[in-house]
């Protein structure tokens, strides 16, 4: 591994930040405030942790102007220190270089088109009429089925499956175990047996999307399942057929959107939250963890369902009363009436 | 891709439907009412969408008799238009043909038996004493362990794992990333450390079952985990060891059944719903999304748990009161007594 | 398969159990009380099932002293019959032997070090600077990225991915489809677009841990994600970046811990339960299935959230009242005041 090294002054200039302190300081890595040592850059984004500044061994800290006073050493001043840190940290992410070319073990259909600048790893299978764009990385064990597209600069890290008619935009990052373009769950009952409703649509993933490990995105029944640009999906998310997710929306781990749900732009869907099928959620909606969206949401804002955690004994007593809630409410309302 | 093409009259006859309109119309594809164009078949299953008929460019629409009046063009009349459409749509699902034979990269134990008519794709590993039946398709990257069976006409699309003692019936369809026959989660505490309870059973999957992407079905501890015929599992479902699921039951994405649960026939388990271990659910039970089944169900019907979604501010106030529910209920009941 | 065979007396001696009955009885397998036949060992751990003893065909039953009277045949007496059974059953788990050596199809970086006693199966890819220890088994289709370690005696059953900087201790067992060391879900908003926060930490998995099928454990943003020794994770669990899980904790299927959560030692996290990010749970906490931990827990004990399952009609009425809970509570409390 080569070691990246920048002076504090170089970082300040490169990212347009004000520097207070020694511009010649060498920075060769990043760490948390608590763990950083000499030569490392740390960040303070939440003023609640300001007290950690005093003891931090970090050579350089990126923080807000009003936290700068509390820092004993050199600082970079940023309006949004977390974003500034994210950008600077990328300089120290020594990802291995994947050379262009196709590994000899890969099995590629003659009708597939692979850009010469793409890297195709070992044990990759690519089906008919599929394309892999410039600079793409298709890691070990990936399977790309028929009629799929991987846009320029995209990366499938390892063991990703694009099943059929999955079309990825540019710079899409897909983590291991993700399955994009499997059959939607379409069934019809016929004389007591299920018959399968053919899933003839595809999946369209916009530019700059990220798809987490073991996440599944089904292809549409007739039309396509769509993720607009810059959608960010964490691990183990399930996206049903014909769902549409607006640009810049992020969904946390284990959340799910059932068939034909439409989620707006700039939404944040909490971990293990669910959206029922055929609902519509407008832009800029936050759904908290493990909440279930059971009807469409037309106003931006934060939404929740569920009950708070208590010790089990208390919970049992309260949960038993939940079963009587309507009866209790009727009594309260009736009593209320009487006393008026 | 070859283009399938049928006349309206051919479709009517083949599927036993009444045709109103021009029998010579050529149908070469299927689409939604909203998107269909010339040469395409659409369907109207829910009369709520009847208004879409007027503007649809579909050449042919399959619908119920009492919706037929509203259709400007040719129609096929069906008692169950969705099922009729599913069957007709299958004619236009141009799946690639997988030729019989074993890909040269596949690694197959000498004791395994592979039917000559089966297709075994690249990077497939098949273990000792396993069998793959007539006409099966085992797609790229699948791993079949020891003592497994894949029944005639079954398909493992890609990257499926049958771990050990997984026995699939006929025409079983398994989507990518599914893991069938991994160890059940059996632990015993021994002087402060966990010891593993050996998982000596297997998994039996009945004919015509479908297993979704990244779904996991553990093998039994001593007896087998069993899915009866025509069970349909969506993506990311977790089935614990020794679970039994009755014929024709369908489970939606992210649902789960814990160890030794028994689910009846013709049940519908909603997305992200859970069934605790060792419970029994009778036939024809519907569990709504994200509900948790905490005791056995002996009557057919629909069951639910959870609270409705509201804006977060309202939710916080109500959720806080949930913690006082038993105390509040006691006051209501006491007050009620007093006033009588 | 070779058949293991032990006499009742041998089992008694080997596991330090008292035998009542014929010591020469041959035991060649294990089964449930209900299914066991001649030559099989069964167990009775829960006295509720004592009535099954009378009809059991098991040759030998391991049980508690106070259940022994009810057994018609030979018994082994154990303080903890389930643990004793687990140990004995392991004798009858005829796992296939995996010979040391590297399958010719495997693709291994020249800088990786593989112990000569390790077994590396077909279609395995191992990246730069990674190590696989003595006696390890790396099954078919596994991908081990760069800078990973697999400790002595560990087993990756099949199609496991260690992405980057995943370090496994000794005797770690990982089931198919698990992804360890993928990028944590770190995002920062920059002028309306997400930018990725580099994930520069790793994952450390302690000795004797078990990781279920399709479970995902992300690597840390700066510090590591850590599982201490003997942590047991079931299938489809999601562990966010920088989570720390204490020794001997077990998590059931589909549960999740969000980023930077800390879970103590000897905890039991129920199926589909969730722990929000940055929370701390002390030792010996039980969280029941599908509960959501929304604040830190500082006292050992059992904790729950959610509402009980009822028929849907009753649920709808009660759920509607949940939306009025704060209003109703105010009325109850006001009325209460008035009458005092």
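Every chain is named by a letter (A, B and C) in the order it is written, and numbering of its residues begins at 1.
Here is the rule we use: contacts are C-beta pairs under 8 Å (C-beta built on N, C-alpha and C of every residue); 3 or more make two chains touch, one makes a residue touch a chain.
Since this is a predicted model, take the numbers as computed values, not measurements.
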| item | value |
| --- | --- |
| Category of the chain touch graph - line, ring, star, complete, other | complete |
| Degree value of the rotation bringing chain B onto chain C, based on Cα positions, nearest 5 | 120 |
| Rounded Å distance, chain A centre to chain B centre (Cα mean) | 26 |
| Chain C residues counted as touching two or more neighbouring chains | 105, 123, 141, 159, 177, 214, 236, 254, 272, 306-308, 310, 320, 322, 324-325, 328, 332, 335 |
| Residues of chain B that touch chain A when the two form their complex | 30-32, 35, 80, 82-83, 85-87, 89-90, 92-93, 96, 103, 105, 121-123, 139-141, 157-159, 173, 175-177, 208, 210, 212-214, 230, 232, 234-236, 248, 250, 252-254, 271-272, 289-290, 306-313, 315-316, 319-320, 322-326, 328-329, 332-333, 335-336, 339 |
| Parts of chain C lying in touch with chain A, wherever the complex brings them together | 105, 107, 123, 125, 127-128, 141, 143, 145-146, 159, 161, 163, 177, 179, 182-183, 185-190, 192-198, 200, 214, 216, 218, 222-223, 236, 238, 240, 254, 256, 258, 272, 274, 276, 286-288, 291-295, 299, 301-308, 310, 314, 317-318, 320-322, 324-325, 328, 331-332, 335, 338 |
